[in-house]
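Can you read through this structure? Questions will come right after.
Should a chain be cited, it is by its letter among A, B, C and D, assigned in written order, with residues numbered from 1 in that chain.
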Amino acid sequence: MSVITYREAVSSMLREALDEDERVFLMGEDIGPYGGAFAVTQGFTEKYGKKRIKDSPLAESVIVGAGVGAAMAGLRPVVELMTINFSLLAMDQIVNHAAKIRYMSGGQFSIPLIIRTVTGAGASVGATHSQSFEGWYASVPGLTVVTPATPSDVIGLFRSCRELNDPVMFVEHILLYGTRGEAPAASDYRIPIGKADVRRTGKDITLCGYSRMANVAEQAAGILDEEGIEADVIDLRTLRPLDSETLVNSVKKTHRALMVEETTRIGGFAGELVAQIQEDAFDYLDAPIARVAGAEVPMPYSYPLEQLAIPSADAVAAAARKLVNGS
Amino acid sequence: MLKAADVPDLTKTDLLGFYRQMKLIREFERESERQYTRGNIKGFLHVYNGEEAIAVGAINTLREDDYIVTHYRDHGQALARGLGSNEVMAELMGKATGCSNGKGGSMHLFSSDLNFMGGYAIVGGQLCIAAGIALAVQYKGDDQVVLCFFGDGAVNEGEFHEAMNLAAIWNLPVIFFCEHNLYGMGASSKETLVMWDSLHEMAAAYGMDRYEVDGNDVLEVRDLMQKINADVRAGKGPAFVVARTYRLRGHSVADPADYRPDDEVQYWAGQDPIPRFREWLTTEGIATEEDFDEIDASVDEQVVIAAEFGESSPWPDPQDLYDGVYTDRPTEGIPASSN
Amino acid sequence: MSVITYREAVSSMLREALDEDERVFLMGEDIGPYGGAFAVTQGFTEKYGKKRIKDSPLAESVIVGAGVGAAMAGLRPVVELMTINFSLLAMDQIVNHAAKIRYMSGGQFSIPLIIRTVTGAGASVGATHSQSFEGWYASVPGLTVVTPATPSDVIGLFRSCRELNDPVMFVEHILLYGTRGEAPAASDYRIPIGKADVRRTGKDITLCGYSRMANVAEQAAGILDEEGIEADVIDLRTLRPLDSETLVNSVKKTHRALMVEETTRIGGFAGELVAQIQEDAFDYLDAPIARVAGAEVPMPYSYPLEQLAIPSADAVAAAARKLVNGS
Amino acid sequence: MLKAADVPDLTKTDLLGFYRQMKLIREFERESERQYTRGNIKGFLHVYNGEEAIAVGAINTLREDDYIVTHYRDHGQALARGLGSNEVMAELMGKATGCSNGKGGSMHLFSSDLNFMGGYAIVGGQLCIAAGIALAVQYKGDDQVVLCFFGDGAVNEGEFHEAMNLAAIWNLPVIFFCEHNLYGMGASSKETLVMWDSLHEMAAAYGMDRYEVDGNDVLEVRDLMQKINADVRAGKGPAFVVARTYRLRGHSVADPADYRPDDEVQYWAGQDPIPRFREWLTTEGIATEEDFDEIDASVDEQVVIAAEFGESSPWPDPQDLYDGVYTDRPTEGIPASSN
């Protein structure tokens, strides 16, 4: 088994898509000669040419809108929004168009479009560049939202996303590109869309996260383990459709749950998770479901402040400890 | 004004066909306003009265495999493209037999069979989608053109700029067709666009071919569009067309449009494209009163049938509520009751 | 006491703002001669002139962005986004700019900007025109989000919003303009921002909603009352800041809670309410907190389908009954 | 190239002042790159090397009460406007003494005292804000001008179009100043804008006054801006200025910029505004080597002091995390511990 980086995983999936399917092309800002803001498409223009690697103008709305149109006309575009912060400028195309055209047309047009984008804080790039909007997209009927946290999840989920015929938000995390992990052995490895991953099992508490926070939750579980607290760690992997079944079953076993989320707490997606857990596992709960989330502020640039604002493994462990020891 | 001799390729049948389509659109809209008053059509209703020459003149120059994208004021383009008046009326009424199964409504007419890629209700949004369809045509090495309709109001939107710029820099086969009726809802374009009186020149910012045409003259529109289609099909890149026209009615049926100066309204009433074309057909000795009477009667009949079809059509099945969100899976949270 | 419509309430508040404060001006699409898409600013141009009633181009981003700039330069703009559906085109200015400038500037610039917009479904205007995004805005630090459901709440909340020095999303509901209610007697009537309204009290269950759904919850309470089920009905009135205290105290009394929301369920703001209730009233809950929300679809145009997709008083009453009778 | 005689209003002190500001910006950026390598500056760092003549030439024509809005490449404009090099460096380091208290960082410099309305990191967004500030000036009947900087990449954004259109139709006192350095990050403007070589002409679409200038010639920039300020101040409405220039470094310090052709890089290296101005000052007999040595030394000293100030400044207090979200109330969810 070979070890690869998250970045290599994304790159390899894009190459595979380009190699396997003539209908696939990439479009986005600086994905050409520049190689992508996160160096994911290095050398792509040389290999695939400008026809398939479309370095677009700096215009988010038309990047997504043109992807929607091309998808309606039979292609399978993979467009890139450099970061999810800029997706706000394309939100009309994503929410009012991509997500609704199939339904509004009475099912006549499908939109097989993959929108890759980058979420997350921690890169010291300030309030306008450190946000996490994947939860908003996960609330939109018509969209599919995936949030891979490891190289093999990138691979397994991207392949499955390519088989969908509806718009996908494929949300990568800014701090994960350099992280390493084992590449799946099977060349056709796939992860079903809407299936959470149980990263680790334990009887005392359920820690649930997605994207980078799934890794943070797993680290926290490691800390807790040394104290004799055994945690189930669940990586949702897909926010829409949501695998509440796996989450709920875990809580029915552990009777305690802690949701870990990077975005600010109020109105975050974790609220949805809490709601579903208590709807389906009410009688199993020994304590309120807790949440650890980002501080309720625009992200500050200053390093120590930013570190305070992002959930850490220690903060998660502390919250879990409190939940288990009831103090 | 063209003479009959200027359009030798058009037979009497073609010309009367144009007249009939314009008349059909007009009467269809009259009927839809009646149906709205009767409560059979709900929500917004934006009629096309006065702009018929644009849809008919432009769309009849397209090939069957060309693409059309338009805005929410879309009944005229749909009918000119050949969507059935029954299915369009049923859609306006939200019936299962509608061209979008009643899901879209007046502002969201679609027909995949006719490459009628949809009416869109977010002003400016469809220009981006049209650019993308054109991108697909270019990518596949095909030679269709994409005809994208929008209004003068849409020119204010950022998405107009992004789509125009992308189409220009990538030389996409798309025709951006602006139905310049002087108003965006209640706002006069004179107060929202410095270039309102030479709007087509805004395309110079993108180095794009640009044209202005009398949008109330069906033959002028057709004539220009034939030339443009040929250029765009030949790979000469996108074009921007501004057709000067006027809404004979308010923005929507709810709008009395009393913000418009009387003389302006008067002037344009005199420019009504249907009487103009009818007069032309007469003076050019192409059609007689009998021809018109016959056509008008058949149009009236078609509209009555459409209304009856719509009214007698069934509502969508309640279960349809949950259908069609995704191609690959059922949507979330379908109540057990409706499984 | 005089009875006025919700529309009149909004109009009167705009007139009051224009009359009392020279720094106030209105800007938006069709607010001039047209009188506003919902006839709220009829005759304003005649009365106040074009300088203060700015009929803007059809360009949502600059409508809000110009409001932000004008606010930074000392004015107190009240801008209108014709509906919240179009706010997606202004979201960059609302979320990346209006909400963050104060914090990013180290507190040097405040943005006293009121953004009026219209939310809601039920007007048979289809998928792109029937959405409710107020929950998204309520998750953004730096914003204040109010959702008046009655004429007097419009009045009391608008006056309080004018006293704020930070950006406000003042969210009106498309179906409420024609509704009537008593105008407050006091000419300086104000409702504190972040204070929920207990519309009705009962011991058996807490029904909580906001905007039009608060009214629907109240109707449902009427139905339930005839069956001997007494409900507390809470209208949040403000989503950010959120008055969870009033909500939690109610649930501590009734032991059962039902959240009513118009937007689609998954990822809606009700999830946040559920999360906070169970965090603070866990031991008081006799049953899972339930939610009644919009159907998980883009809004269909077809009348009977749209009616099925929107929470009705009957649906709310049915869910409440189930919760109380435990069946 | 202007001669000394063409700028009679400028004293030797003025001219050497320009030289000093340009030199200060250059050395400040060199130091900030060093600090970045040492890890004292994090995140993105977009330096201004090569574009100094723009900030210095343009900003020195403004009145104290005029407004400046700019993009994330904002160190040069901030220093030219008179923000302290200590406070700017401290901001780059995220220290409490920074001009935005360490909250904003390199891309978000602010100074309310100097009407420096901010550096903005969402490309194109600040044009809308600049239009709004200009609207306030007009509304109050004042005569300030608003100077808004952005890059050629920003011209692609929808917000550029919306802001230009609004400013034009409402005749707002704003100068949209495009720093046309041929690239938007890694994308050559030749491949994103048809009009890249006559970018100022895009303003014709808004009927706006428009100008192109050599952005590497501080006196040309100043000369043009004096004329434009006067017009805008006099109520003649907005203007669009395109200054041709070049980034001597990559987009950010993380960017090797190897996507740029050598000859292009070579050519522009020869256009470096600082040696150019220094040579001019020499040939025009205004300054001597001694003058330059003296200035350069004082600049170096100032930069060293700025670095020391930044490094020795304290981090913000942890409690600051929750301050400044709202004017009127504390933000939500402040952990008890930090109350």
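We adopt the following convention: a residue touches a chain if its C-beta (ideal position, glycine included) is under 8 Å from a C-beta of that chain, and two chains touch if they have at least 3 such contacts.
This is a predicted model, so every value here is computed, not measured.
The chain with its CA mean position farthest from that of subunit A is B.
Comparing each option in A-B, C-D or A-D with B-C by residue number, the pair that reproduces over half of the contacts is A-D. Note on chain placement: the centre of subunit B and the centre of subunit D lie 46 Å apart, centres being C-alpha means.
The mean-CA centres of subunit A and subunit C are about 30 angstrom from one another, to the nearest whole unit.
A straight line joining the Cα centres of subunit C and subunit D is 40 Å long. Subunit D has its Cα centroid 36 Å from the Cα centroid of subunit A. Across the assembly, subunit C contributes 56-57, 59, 61, 85, 89, 92, 96, 103-104, 126-128, 141-142, 240, 242, 266, 296-298, 300 as residues in contact with two or more other chains.
Contact with two or more other chains is made by residues 98, 100, 102-104, 108, 120, 122, 156-159, 161-162, 165, 169, 191-193, 325, 331-332 of subunit D.
Those residues of subunit B that touch subunit D in the complex are listed here as 156-162, 165, 168-169, 191-195, 201-202, 204-208.
Within the complex formed with subunit A, the residues of subunit B that make contact are 67, 69, 98-104, 108, 110-112, 117-118, 120, 122, 125, 127-137, 139-140, 158-159, 161-163, 165-166, 169-170, 323-329, 331-332. Subunit C contributes residues 25, 51, 54, 56-57, 59, 61-62, 64-75, 77, 92-93, 96-97, 101-110, 141-142, 144, 163-166, 240-242 to its touches with subunit D in the complex.
Residue ranges on subunit C touching subunit A, taken from their complex, read 85, 88-89, 91-92, 95-96, 99-100, 103-104, 126-128, 131, 135-136, 138-142, 240, 242, 263-264, 266-275, 278-280, 282, 285, 287-291, 296-298, 300.
Touching subunit B in their complex are the following residues of subunit C: 29-30, 32-35, 37, 55-61, 85-86, 89, 123-129, 265-266, 295-298, 300-305, 308-309.
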